[in-house]
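In the part that follows, the structures are each spelled out as C-alpha cells.
Each of the next two complexes has chain A plus one other chain: chain B in the first, chain C in the second.
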Partner chain A sequence: MSTTDMGKPLATTRSFAGLRSALHIITQSYSMMLAALLLLAVLLLIIIVPLTPGYDPYSQNLAVSLATPFETIDGRTYIFGTDTLGRDLLSRVALAGRVSLLIGVSAVAISLVIGVFLGLVAGFFRGVVESAVMGLADLQLSIPRVLLLIAVAAIVGPSIANLTILLGLTSWVVYGRVARAMALSLREREFVLSAVTQGASAAWNIRKHLLPNVLPQMLIVGSFELGQIIVFEASLSYLGLGIQPPLPSWGMMISEGQEYLETDPWIALLPGIAIFMLVTGVQFLSQAFTSEGQFDLASPPKAST
Partner chain B sequence: MSLSSNPVPILSVRDLVVEVATTNGPVRIVDRVSFDIQTGEVFGIVGESGSGKSITMLAVMGLLTGRTRLAGGDVLLRGRSLTGMSREELRQIRGRHLSMIFQDPMTSLNPVLRVGDQIAEILNIHRPDMTRAAVRDRVIELLGLVGVPSPERRYRQYPHEYSGGMRQRAMIAMAIANDPDILIADEPTTALDVTIQAQVMELLLAVRTRTKAAMILITHDLGLVAESADRVAVMYGGRLMEEGPVDEIFSRPGHPYTVGLMASRPRLDVAPEFLYSIPGQPPGLTNRPTGCVFNPRCGLRNGRDICTTSVPPFDPVGRAHGAACHFWRETHGWIGEVGAVVHDATRVREPL
Partner chain C sequence: MLKFLLRRLLQSILTVFGVLTAAFFLVRLAGDPSVLLLPVEATDEDIALLRSELGLDQSLIVQYGKFIANVLQGDLGLSLRQRVPALDLVLERLPATLELALTAFVLGLVLAFAIGLIMRLTPSPRLRAFIMWLAFIRQAIPVFFFGLLMILLFSVTLGWLPSLGRGTIQHLILPALTLATYELALYLRLFNSALGEQQGQDYVRTAYAKGQTRTKIILRHMLPNALLPLVTIAGINLGMLLGSAVVTETVFSWPGVGRLIVQSVSQRDYPVVIAGVLMISLVFVLINLIVDLLYAVLDPRVRLS
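Presenting the complex of A and B:
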C-alpha cells in the first residue's frame, strides 16, 4: 500500500499513534497481556544475553561442570548453572533460542507462501487446479509428518538449511486449506466481479483482492504453526536429525539433559521452560487476535487525522 | 430489427440468447434481445426482478459464468464483434470501453484496500505506462470530479470510512477512470438513501455528459428512467416487450405490460392500499408460457388463442418505437380500463 508517498511529519505521528493503539490493544485482554509478558521475557533472553560480557556458549570447563543455577564459582555466578561439560547454560539457552526461532520463523514463512499461493489459486480457479492442489494436500496429510521428516532428514543429511526447508515444505497444507476456503467465498464477492468488469485478470484479482483479504487470517494460522514447528524441530534435534552439536537448539539441549533429569534437572528443564514460554506466548497472542475480532491486522488504526 | 435511424450505433446487441442449464435441459433466460445504443445517449432498461436485464448486461460484457452461457446472437462494439473475441481481448475492452457500476457500493469495494488505491488499480490495469505520481494525481482529480470532498485525504481512507453515497461516488470515479465509451449502471441508486439517490443520479448524468459516454441504465424505477433516459427498453421474462423514446413510451405505451408497470407506480393522489399490481407471478425457469411470455397475466388478451400459440413479432408502433404484442393497436383504448380499475378502487375504499 502506498505509505511511501506520505509526508515525513505525518509518518512520525502515525507511528506514535500506532504504538499507543498497540499498547491499548495489549492492555485490553488478559490473554494478550500474558502473551506479551511471556514473549517479552523470551525475546529479552535471546537478544540481551548474547550482548553481555559473560556470554560464552561453547567453551568447556570441567572444573565448573554441573553447577546449579545461581551457584558462584571462582567469583562468577552461573545464573542458569552449567551442563556436564561446564558450559554456561544461560548462554546456551539464549543461542539455542536464536537457532530455534530462526528455523521456526523461516519455516513458517516458506510454508505460508506456498500454502497461500496454492490455496488461493485452487479456490479462485476451481476445477482441475483445485482438484490437483487438494489432492496433493490429502496425499501429504496421509503420510505422518514426523515420519516423513525423519525419512527425508535421514536422506538429505541434517543441517539448519535442510531442516528449515523440509519443515517449510511439509507444513503448507493448513494454509492451503484455509486460503482455499476463504478464496471460495471471496471470489463471489462483488468487488471481485467489479474488478473483472474493469478488466482485471485472474492474477491481478488474486494478488490485489484475495491476498490482502486472507493475509490476516494466514498470519494467525502462522502464529499457531510457529509453536508447532519449534516443537517439531525440537523432536527432530532430539532424535539427532536436526541441529548438530556443538550448536545448541532447545530440543537438543533437552535431549542432552535427559540423562541428568534426576540429579540435575535444570539442564533439560530450562530449555523446556523456554519452549513452553515461547509457544504459549505465541498461541495466546494468536488467540487474542482471533477472539477479539476487533483487531484487524490489515486495517489501520482509526484515522487520527 | 433496429428501430433507430442513426447509422453507427456504438453498441449493437443482435438477437442475444442466453441459456441456463437446468436438470430438464437448457432454458432460455434471455430470448432474442436486440437493441442499439447511440453515442452519448442514455438508454434505460426496465423490468421486474428476473426479467433478464442484468444477465443481458453480463452477456454483453462477456461475463456469463457457471451454468449460464451465450447461446446465440452477437454484440458489436463500434462494429467489432465481442462474442468472437479472446478472453484477453475482452479483458482489454472491459474497463476501457465498457465500464460497469454495480448496485451495492457497500460490497463493491474491497474492505481491506484504500479507496484511492482501488481507483488507481483501474488505471494500472489499462495504462501500465502511467507513473505512480501520474496515477495518483489522476485518482485525486477523479475523486474531486465525482464530488468527494478533500480528495487527498479521502484517497488514503478505507471503504468503512466512507458513507454509502461517498462509496457510490468512488465507484463512479472508478467506472469513468479510463473514459469508457459506454457506462453500464446496474441499479446504481437502489442501495442508497432517497436523498442521496437524487444526488448520485445527478452526478452520474453530469460525468456522463462530461466524458460523452453513452449510458445503459438498468433499473426498475420508472421515475428514474423518465427523468434520465433518452430511450427505454422494457424487458419481461427474458424478452424485449417494448422499446422507444422515453416520452413516447410514457405517453403512448404500446404493450399491455408497460401499461401495467406504469399503473403499478405509487401515486400521491391514490391511497397506498389501492396500489395497482399486475395479477399473477412472473414466469419461473420451468414454467415459461408458450407464445407471448406475458399472456397469463395480460389484461388485454381476453382468452384469444394467438397469444398462447405464437410469439408476437416486434412491430413498429411509432417513430423509432416498437412493441412485441399481437394487439398493440388495442392497447391505447385499454389504458382507460386499467385507469378505471384504480379509480374505482379509490371510490369503493376497499383494499384490493
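Presenting the complex of A and C:
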C-alpha cells in the first residue's frame, strides 16, 4: 500500500496502474489469453443470441425434439440442438447466461456493500462492534455455505429475488474480513488521526478516508467472488432449489440433461461448458489482478461446490 | 494446553448454539407448521388444537427454550412425511456420507502426495506446468458438472464403473474421485511451497554436502517436514468437503445425508431438512475442533498464541 499521508488516496492512479499491469500479465501468459478468449466468447453468446431473429427459449415443438447440434429441420438450423420438448438450446443457454450474470453481479454488489460496511465499522470502532461482527462471520463459516443456502432457499422459497438476496447475504464474510484488516491499519495512519483530532466524525472518516482506500481491493475480491456466486447459483438450480421453470438456468438444464446422458449428452454438456467458460474466464482474469500483488487471496481460482 | 483446550471447546459449544438458534428462527420463518401438517379442509378448531399441542400458542421465548431443550435430548421432531423421528432418518444416512467424505479426503491426500512428488522429482518444467494447469482447470469446474463428466466418461462411454447408487467399491470410485480432485490444485501448491521451504534449510545443504542424491534427500529428509501443512489444510478442508458432498450425493444418487436433505426440501419436510443441516454442521464443528487440537499437539506455537 502506497497511500500518502496527505489523506488523499491514490486509489485511482493505482488502479489504473493495476489495470495496465493486469493487461500486461494477461498478454504475457497463454493461459490468461485463453481465459480472456473464453470469457469473451461466452459474453458474446449471451449478448448477441437474444438479438437474433431465431431467438426463442420457450416455445415447445415436439416435432423437433432432441435435434442434434447443427441439425436442420424444416429449413431451420439448431446450432446447439434442442431438448426433449423441442426448445432451442442455443436460445436457452444464452438466456440462462443472462439470468446467471444478473444474479451474480447483483449478489456480489449486495455482499460487497454489506461486507465493506460491517468490516470498516468493525475495524474502525474495534471493541464490542468488532467482536460482534467477527463472531457473526465465524458463526456463518461454521455451516458449510451450500448447506446454509439449501436450508434457507428451502424455507423462503425459490425466486430470482430471494436467490439474489440470499446469495448476497451469505457472501459478505470475505469482504468483511479483508475490509476490517485494512481498516485496522488505516485507522492508525496520520491522515485519519489528524482528521479525528480535528473533530471529524467517525462516519465522515469511514466515508472519506477508509472507503476510498479499500474500494479497489474490494472490487478485485468481488470479481473473484463473481465466479463462485455463479457456481453456487448453478449448484442450487441443479438441485432444483434455485431458478424455477419456465425460466432456464444452466444448473437446471444440466440436471434435465443428465437423464439423457447416454443418448443425447450435449443437452447437459453445452450449459456445463458455458459455466466453465464463464467461471474460468472471470476467475483467471481476477487472478491477473491479484497476482499483480494488490491483494493476495492465497488460493487459486476455484468453483467452490 | 488445558487452557487452550477449554477455550477451543467453549468456542465450539457457542458455535453449535448459534447454529441451533439460527435453525430455530429459520423454522419459524418457514411459516406455521400446523398449516403444513393438516389437510386443507381442517377447521379453525383443528388448527387451534394442533397449535396448542405443538406449543405454537406460547411466546417465542418459551418456544425457543423448549426447542433447545428438545434438541439437547436428541428430539428434533417427527418427519412430516414418514412420521418417524427426523433424527433417526438422518442418522441412518450418516454412515454413507461419512464413508464418501472420508474416502475422498484420504484419496485427495494420496493424489496430492503422489502427484506432488512426481512434480518435484521430474526434471521437466513443462510437465510440472501442465499438471498444475490441469489441477487449475479441475477447480474451475463445478462439482456437479465434473461428476457428470466422470459419469459420461467412465460409465456411459467406457462402461467401467456404475454411475449411481452405493454398494460396492466400484460405486464409491466416481463420487470419491469427483470430491477428491476438487482441492488438488490447492494441495499441490501448498505441498510444493512446503517442499521449497525445506530446500534452503541447513540440514538439506549438509545432506547434499555429504554427497546424497537429490531423490534420497527429498524422500528421506524433506518429505516428512513438508507433510504437516498439507495435512492441516486438508483437515480444515474436510469440513468444506462435507458441504460439497451434499451436491455430489445428488449427482451420483448416493444415499447420504445430503441427498436426504435435498429430497426433503422438495417434499417440504422441514424437520428432516433442519435435522440434516444440524447434523452436518455438528460434524463440521467437531472436525474443526479435532483438527485444531491435533495441530496444537503437533505444533506448540499454536497453543501459546
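Heads up, the rule we're going with is that the second predicted complex is superposed on the first by the 255 of 305 C-alpha atoms of A that agree within 3 Å, B and C clash if a C-alpha of one lies under 4 Å from a C-alpha of the other, contacts with A are read in each partner's own complex, and residues count from 1 in each chain.
FYI, a contact is a pair of C-beta atoms (placed from the backbone, for glycine too) under 8 Å apart; a residue touches a chain by one contact, two chains touch by 3 or more.
Note that the structure is predicted; figures quoted are calculated from it, not measured.
S.K.: Where does A:Glu190 make contact in the superposed view: on chain B (first), on chain C (second), on both, or on neither?
M.R.: A:Glu190: touches chain B, not chain C.
S.K.: Residues of chain A touched by chain B versus by chain C: which partner has the larger set?
M.R.: C
S.K.: Output check: A:Pro69 vs chain B and chain C. Expected answer is one of first, second, both, neither. What do you get?
M.R.: Neither partner.
S.K.: Taking the superposition as given, does A:Pro50 touch the first partner, chain B, the second, chain C, both, or neither?
M.R.: So A:Pro50 meets neither chain B nor chain C here.
S.K.: According to the stated criteria, A:Ala151 is in contact with first (chain B), second (chain C), both, or neither; which is it?
M.R.: The second partner, chain C, only.
S.K.: If you stack the two complexes on chain A, which partner ends up touching A:Gly86: first (chain B), second (chain C), both, or neither?
M.R.: neither
S.K.: Across the two complexes, find the residues of chain A that touch chain B and also touch chain C.
M.R.: 299-300, 303, 305
S.K.: Residues of chain A touching chain C in their complex?
M.R.: Of all residues in chain A, those touching chain C are 31, 138-139, 142-148, 150-156, 227, 231, 234-235, 238-241, 251, 254, 258, 261-262, 265, 268-269, 272, 275-276, 279-280, 283-284, 299-305.
S.K.: How about chain A: which of its residues touch chain B in the complex?
M.R.: 1-2, 5-6, 189-191, 193-201, 204, 208-209, 212-213, 296, 298-300, 303, 305
S.K.: Over in the complex, which chain C residues touch chain A? Could you list them?
M.R.: 15, 18-19, 22-23, 26-27, 29-30, 133, 135-137, 139-145, 148-149, 151-152, 156, 182, 185-186, 189, 239-240, 242-244, 246-247, 250-251, 261-262, 265-266, 270, 273-274, 277, 280-281, 284-285, 288
S.K.: Under the definition above, what is the set of chain B residues touching chain A in their complex?
M.R.: Against chain A, chain B makes touches at 61, 63, 91-96, 98-100, 102, 104, 107-114, 116-118, 121-122, 125-126, 132, 136, 153, 156-158, 160-161, 171, 174-175.
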